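The next part holds the structures, each set out as structure tokens.
Across the two complexes that follow, chain A remains constant while its partner is chain B and subsequently chain C.
For the complex of A and B:
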């Protein structure tokens, strides 16, 4: 019986250690469009994300309306004409770190990772892969990534008159500072 | 031994449950379950600060300058000689600026009675969902207009104050869906001097305006003001202003194409001085062009 308890306890510990989730509610995602006519930058500092270091699962949830721009008109057009944020209020990503074994979460340091998964924007889902870094720091995990997306892939229609103002390929930057989720 | 196996098995079951509980979708669900901490303000109840002739609940955000050029042509029933009204043009220029995100001011000059006008618009409530739920947006707009026509009778004592008129409106709007918005506008217009004794100095009206999005960039708008004062005893026949038109949005510009029975583009003019009747074909074609510049970021 004693041994049973030990096995149970060890397995349980193993479970507890493995069910480590890290979360943030104020991560940053920004995108940048550069053309000869104008530069457009949208910043969102209210990105929610969870990273499960036991499985490498990583999810993001972005409220489209929380993107802010230098010009109020850009913000209105972004929401009204391109993202249709009242119809599709959220963008999500769910994916996995594919090279989880190369990250040692017990040792502070910076690790290169590749994340693959489904990116849903404007109610269109595409498989994407992006390179980034995971930085293990005291009290949390920082994650960074830069990748490109093409609005057309997400059925975001850019009409002729403004085609010169918006880049075909948008640069997306992701900066997350995760803290551990208190176990419930 | 068997017992140990069963313990391991039990642990494994727990483990697999745990695993299933926290798949990627469940992680997303976990994010969803967090309470909404953000206030989700409704945007673009109307595309422009005007429904058509009258103000909409919208205002310029801080640091944004709206340059407006509006035209109303003559009546379409004036015939081919007047090129269906297009030979006569009546223009209004406006410079309108957002001082803060809840206060905007505007200055204008119109052909109609060579009027100079100014207004302030205050955002009182904003429709929102999420952490704060507000069913309607409410704005208040007050304007003043100065008629600068030369006095017809220079022999009497003419006071500057006689050229002034005022309007006050409470704008209550709700965006019912991404494609439909509706606004009510109780309105009070005061004219310091009127043409004859039978004409009231104070005019009360109730406005209603709506916007129906046809495509992402084009909407059908309609606006009507019901004038509450009895209209039968005034020195000249006036009608309730009715306007129908389209908003066409192209990047930085909003074009509004309008059919209306009013010639004036300010409250004092179209509420209480609209002399055209839709039924008789006294319809003016016109347009508003709005171009927004960002002066301060």
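For the complex of A and C:
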């Protein structure tokens, strides 16, 4: 992706920051596929994400290469055959919390939210919506979500012979622990 | 049964079993243990971060998927708390560091911010920071 854009966006976010922005660079996103043939789980612990609590804007960015699998061959197939991570190294989500008013960021507690936005995987962008929770805790904000995606929606071609080994609907789990961005 | 036919049949069975075993071995193969792998590069955290910042494309093609032994000063330690633990290494940039993420079994309880460290890991590229995965502590 265009690094200048990213740097610009980040710089802008930093300049505008006065504890309205929360960030993490070690967030977790994992996906899980269950079929009668086998279970497949990929974990990524290097997710960068920024949450703006004044507007509800939420952005996620991951390197496809940072997804890890228990079996080396799965990781190789994931990168080379399905995600083509050399060609499309990054995946992003840009969206908004649609019911921001139901979250009281000044009061510790757990709130149900809905997030809508554009999910880009494998160079294909789709509108998605997901339910999740925002938990206001001392010193930060935790966010969790689970939703499903269909690989074919992102032009990820899974050959017929192994199609039954991979779930039609992959479960995606998101766990973020945000800390405030200090204003400079 | 004639002897040559027998030999051929036995060979086919033996080859078949060997093939199956090799296939299963490859299918179940785990990641190589980075404690035992020779690094492709040995470099300081601030230098590799600068290379990525100045030219991400060329640094990516140089370092992606390579085993890198990286030295630097620990900026912060993040205990996994159910997820993989990681450390940030100081670089010349205030906003960008080198994040070394350890395998889920990795124990980093002895590490503290401010101390010097060398870790070995697999480079997965650059987001806001240089990212290393499956890290092990060298010293």
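One rule holds for everything that comes next: the second predicted complex is superposed on the first by the 165 of 184 C-alpha atoms of A that agree within 3 Å, B and C clash if a C-alpha of one lies under 4 Å from a C-alpha of the other, contacts with A are read in each partner's own complex, and residues count from 1 in each chain.
FYI, a residue touches a chain if its C-beta (ideal position, glycine included) is under 8 Å from a C-beta of that chain, and two chains touch if they have at least 3 such contacts.
Keep in mind that this is a model prediction, so the values were computed, not measured.
Colleague: Superpose on chain A as described above, then tell me if chain B and chain C fit or clash.
Modeller: Once both complexes are aligned on chain A, chain B and chain C clash.
Colleague: Taking the superposition on A as described, I'd like to know which of chain B and chain C A:81 touches: first, second, both or neither.
Modeller: First partner only, chain B.
Colleague: Is A:162 contacted by the first partner chain B, the second partner chain C, both or neither?
Modeller: Only chain B is touched by A:162; chain C is not.
Colleague: After superposition on the shared chain, which partner residues are touched by A:175: those of chain B (first), chain C (second), both, or neither?
Modeller: second
Colleague: Touching A:45, do we find chain B (first), chain C (second), both, or neither?
Modeller: second
Colleague: For A:68, using the defined touch cut-off, is the partner it touches chain B, chain C, both, or neither? Pick first, second, both or neither.
Modeller: second
Colleague: A:92 contacts which: chain B (first), chain C (second), both, neither?
Modeller: So A:92 only meets chain B here.
Colleague: Based on the superposed arrangement, let me know which partner A:28 touches: chain B (first), chain C (second), both, or neither?
Modeller: A:28: touches chain C, not chain B.
Colleague: Counting contacts the way the document defines them, which residues of chain A are shared by the two interfaces, the one with chain B and the one with chain C?
Modeller: 3, 25, 46, 48, 61, 63, 65-66, 70-73, 75, 86, 89
Colleague: Write out the stretch or stretches of chain A touching chain C in their complex.
Modeller: Going through chain A, the ones touching chain C are 3, 6, 10, 14, 25-26, 28, 43, 45-46, 48, 61-63, 65-66, 68, 70-73, 75, 86, 89-90, 175.
Colleague: If we count contacts the way the header does, which residues on chain C are in touch with chain A in the complex?
Modeller: 26-32, 56, 60, 64-65, 78, 80, 83-84, 86, 95, 99, 101, 124-129, 131, 133-134
Colleague: In the complex formed with chain B, which residues of chain A make contact?
Modeller: 1, 3-4, 7-8, 11-12, 15, 19, 21, 25, 46, 48-50, 52, 55, 57, 59, 61, 63, 65-66, 70-73, 75-77, 79-81, 84, 86-87, 89, 92, 94-96, 117, 159, 161-162, 165
Colleague: Contact residues on chain B for chain A in the complex?
Modeller: 3-4, 7-8, 10-12, 14-15, 18-19, 22-25, 27-28, 30-32, 34, 37-38, 40-41, 43-44, 61, 64, 178, 216-217, 249-252, 292, 294, 297
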